[in-house]
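Please see the structure below; I have some questions.
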Amino acid sequence: MVNLTTKIGALTLRNPIMPASGTFSEDLADVIDLSVLGAHVTKTVTREKRGGNPTPRVCEVRGSMLNSIGIPSKGIDHFIQNVIPFYKAYDVPLIVSISAHNIDDFARICEEISVPGVDVIEVNISCPNIEEDGKAFAMRPSSTHKVMTKLRAVSDLPLWAKLTPNTGETTEVAQAAQDAGADALVVSNTLLSMAIDIHSRKPKLGNLMGGLSGPSLKPIALRMAYQCAKAVDIPVIGCGGISTVEDVVEYLIAGATAVQVGTATFINPTTMVTLISNLERFLESQNISNVRELIGTVRDNDAADSVVFMEAAP
Amino acid sequence: MVNLTTKIGALTLRNPIMPASGTFSEDLADVIDLSVLGAHVTKTVTREKRGGNPTPRVCEVRGSMLNSIGIPSKGIDHFIQNVIPFYKAYDVPLIVSISAHNIDDFARICEEISVPGVDVIEVNISCPNIEEDGKAFAMRPSSTHKVMTKLRAVSDLPLWAKLTPNTGETTEVAQAAQDAGADALVVSNTLLSMAIDIHSRKPKLGNLMGGLSGPSLKPIALRMAYQCAKAVDIPVIGCGGISTVEDVVEYLIAGATAVQVGTATFINPTTMVTLISNLERFLESQNISNVRELIGTVRDNDAADSVVFMEAAP
Amino acid sequence: MELKQRNAEAGTSANGRAFEAETRVKSNREVNGEYRQLILDAPQKILDCQPGQFFHLLCPVTSKHQPYLRRPMSIYGYFPEKGELHFLYKVTGEGTQALAELNEGDTLNVLGPLGVGYTIRDDWNNILLLARGVGLATLAPLAHEARRLGRKLTAICSARNPDVLMSIDLFTEMGAEVITVTDTEGTSDLENVASIIRTKIANGEVDALYTCGSNRMLKLLQDVGAEYGIPGEIALEQQMACGVGMCQCCVRSFRRSGKITHERVCREGPVFDIQEAMGW
Amino acid sequence: MELKQRNAEAGTSANGRAFEAETRVKSNREVNGEYRQLILDAPQKILDCQPGQFFHLLCPVTSKHQPYLRRPMSIYGYFPEKGELHFLYKVTGEGTQALAELNEGDTLNVLGPLGVGYTIRDDWNNILLLARGVGLATLAPLAHEARRLGRKLTAICSARNPDVLMSIDLFTEMGAEVITVTDTEGTSDLENVASIIRTKIANGEVDALYTCGSNRMLKLLQDVGAEYGIPGEIALEQQMACGVGMCQCCVRSFRRSGKITHERVCREGPVFDIQEAMGW
């Protein structure tokens, strides 16, 4: 028997496969058995009620998709009364993703959501910080550090910081999150992108721009997960473009302790279930008895640091 | 008859289709007639001879590719003696891409390459600046401004600054390049990425990481081209994932004055020739007599700036 | 925290409302210049459908067409006894072009049945449907259901020209009174259609109105429905990613108890109360 | 600067060395458990080939396989008189799996002929080739050419077991003396192969040595060649993107006049002087 359990800090997951925030909800119980997942991760919720972005909110690009859902939210009260109880029926850790547009609101929701039934708070800092210049908290080490420090002070739950690919400072941001007390990093959110309908000449998304997710994002997010795993000591949860067991294994080898699956669930709602059993089969075929034996085993010794550093940009 | 000519500053191109640096060479004359192109753009050259990166230098990712060629270079003398004369046989503007790892070397090659036969210098500032922390010049407005200012002083040729997607400050970098005297922007270079062979557990590229190019890059580079066209007054040349005439039109509508085609030429070496004739046919079908009528015509009025700004990160 | 052990009893298992299933193409033929009919050999479990529900189709990838997201398609017919699932589709873009290239024997991955279908209340004995173009696909199963329930059905079928009028035989077979209106004959304008419906209502032949898709039909039936106090339902469309309610991309606005709400077309819909639906 | 007008006379036009062409699959059959032979109906212009050259194949995209880059394949046979182009390939990953699914009548986009092939100098009357596995594909056209030029050919064919020995008939047909060595029979070890070659050389039956692919063969022929002063050539492989010399991804290191140089396998190769090639 293969051991699929993985640990994110003090939390043990029965397997390293969990959904990505915003690509999962109670509704998926119509198609799969939610109890098999490593964790449940909810769509980002804000304190206040919000409507979300104008439609169209998604569009297709070659082999991937863009979305600008925004964060439609029924507010934290609705969430606590309706969503948390739903997941209590499952014996699976519940990860609640939160966000806000300024640090105080962030702290308030973080505190208020620290209720029984919630096992981890995932902090979606890939959202604009309107107190500064509107760039996402996770685009800069300084704003990442500031918000995570504040949140660390108001909750005893594990905090996972969700990073953005829209930055040139991935490792610095990762370190800032760790320094401020994050218990793990989720790497990463979607990448700012655009598509235009050439006939109507209108942006394909109602909101002009949106985030790229799906297979196109994988090599980028994998690179970030690798960089973060090298840069910090806390666990890294890989996220971006995962759809096959090979993708899962690639992230684990790169240093991820677990992975989140997003867009692939839209294409095949049974993806996560398939990944869990395929991961088991893969490990068996390789005579690996414990999935943790894969983590961080990338053979990168050949590539001297200096070379990487100097020539990475072609 | 449709007018395909486009202007980049004082330079008129017979059509807006040109190759991207590093994805084109004299060798392509074996397959297509190089005289039909809007411009010829050479692989980045450095002053000194360089070997380039270890192999494997390319790998495939879903629907796209990674490369870490590095900048193998036979040096500037070889370039002036052999490459420039080859292109003199064509009545097509020659764009020479240059790079260096520090500002002084950059200035020297810029000066030395300003010889007859060269129409434009494309400045590949997406390469690491080893005098600072090794991040590419184009990752920050300050280093972009510094290097472009220096180059502006040493050459009378038009300077095109080639930007990188590995930054969270696209518009700031674009403005810095314009302020420093760049005549146009090429948007953009490849995006830092990674792939790992799950069986050998080795990175698929000899250099550990490399740049993503091809269709996966398109929505990202298109977004950047749009942002740059909004942010600066100098022409923007779109580059990233273009393989169909719809892609070309999308970039033009987003605000690009011309486009560069890279990886698509590896898949179909006749791509650029096909794009030129398909662009002509597309314009005819739309009753547009001049390609310039497309440029920057994106209907983005509906999306209020504030919305874009606040909600871009999903 | 300690490892939470999987406990088969605790926790709800998949409630088996919708399935990701492989089907096999029985036929995929052109109906007329614009529309094609796809007949799938489908497993029983996915054939427990309601009129107005839809499936989310994973269109094939080829060198020519590379659709990524699934494509939503109304159920044109579901026949558990034959193990068949039918779709009627218009070839528009990448996904439907790819669908059009499916051959007999090819497999097609479908997800469904999804969404909330049409309701036929017990006291709606006379129902009227208004369909245009591919809207016929969505409304065809409603006709089946009406016959099964023994209701009287009037079907107004609208099209550009008589040649592209589809499914008339199907509606006739279902015992419906079929009224055709076309652009070329000048009979499909809103005024004429409205007056046909008004006459039917005046004759006491309409307890409920059904339509799908277009803004114009919505307006028309909203007006007539409001005028005579006749209830109605409309199936709406919206861009979809997940199709099952997770991504929140498919929302539309509705007027409900004086407020504007957003509802997911894939989950709360695709069928909605016609008076609550808002034009677009 | 003023608009440079296109001038058909000025400027070189495509020199017509290589072409992107659509071909049609005539057959694509399994040769044995691992190898398949692909026969294409090809336009004349791409059939002016040299032994050792290759084509760059645009493998088909399907729901199951989505290769992106082209795949390089040696020419296994080119027959202008029949309008045929042959490849012999081993199914390894995504691209070759996709190739394996091509059916008769399907189209395949190929780019070529590419690269520099084998040379047979006028005074090389006795040539010896050493082939293993899919290397036979690369060396087969050399046998054809040897016969055309009236040279005497010895072909040492190595394989895991006699079952997977391919193309022996082909070499025999070309008038070659065929020597087969296999792992299962214990005859394919380097020492044995070396001693076979040494004997041939001692008998004055070898003016030049040819091989392709593997490091072990390279070493073997480098040693024997150096020992007896016999020239030779090897076809090498490397990951490729463009296949025509633009991207510089396919370089290998060579020892040339005391220095180490990088040469592009797609452009300066794939065939190189055997003494200049470096092991890997």
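Note that the chains take the letters A, B, C and D in the order they are written out, and that residue 1 is the start of every chain.
Please note the rule applied: a residue touches a chain if its C-beta (ideal position, glycine included) is under 8 Å from a C-beta of that chain, and two chains touch if they have at least 3 such contacts.
Remember, it's a predicted structure, so these values are computed and weren't measured experimentally.
K.L.:
From chain A, count the fewest steps through touching chains until chain D is reached.
P.N.:
So the least number of steps between the two chains is 2.
K.L.:
If you average the CA atoms of chain A and of chain B, how far apart do the two points sit, in angstrom?
P.N.:
31
K.L.:
Distance between chain A and chain C based on Cα centroids, please, to the nearest Å.
P.N.:
35
K.L.:
Please work out the Cα centroid separation of chain B and chain C, and write it as a whole number of Å.
P.N.:
About 47 Å, centre to centre.
K.L.:
Distance from the CA centroid of chain C to that of chain D, rounded to the nearest Å?
P.N.:
57
K.L.:
Could you list which residues of chain C touch at least two other chains?
P.N.:
Only 66 qualify.
K.L.:
Out of chain B, which residues touch more than one other chain, so two or more?
P.N.:
Chain B, residues with two or more chain partners: 22, 61-64, 67, 69.
K.L.:
Touch graph across the chains, line, ring, star, complete or other?
P.N.:
ring
K.L.:
Could you run through all the chain pairs that touch each other?
P.N.:
Contacting pairs: A-B, A-C, B-D, C-D.
K.L.:
Would you mind writing out the residues of chain A in touch with chain C in their complex?
P.N.:
Counting only chain A, the residues touching chain C are 5, 10-14, 22-25, 27-36, 43, 51-52, 55-65, 67, 69, 72, 89-93, 119, 214, 263, 265-270.
K.L.:
Write out the stretch or stretches of chain D touching chain B in their complex.
P.N.:
Chain D reaches chain B through residues 1-8, 10-20, 58, 66-70, 94, 109, 111, 238-252, 262, 267.
K.L.:
Touching chain C in the complex: which residues of chain D?
P.N.:
60-63, 66
K.L.:
Which of the residues in chain A end up touching chain B in this complex?
P.N.:
Interface residues on the chain A side: 22, 53-54, 61-64, 66-71, 101, 126-128, 130, 134-136, 139-140, 164, 166-169, 189-196, 198, 200-203, 206-212, 215-220, 222-223, 226, 241, 246, 249-250, 253-254, 297-300, 302-303, 307-314.
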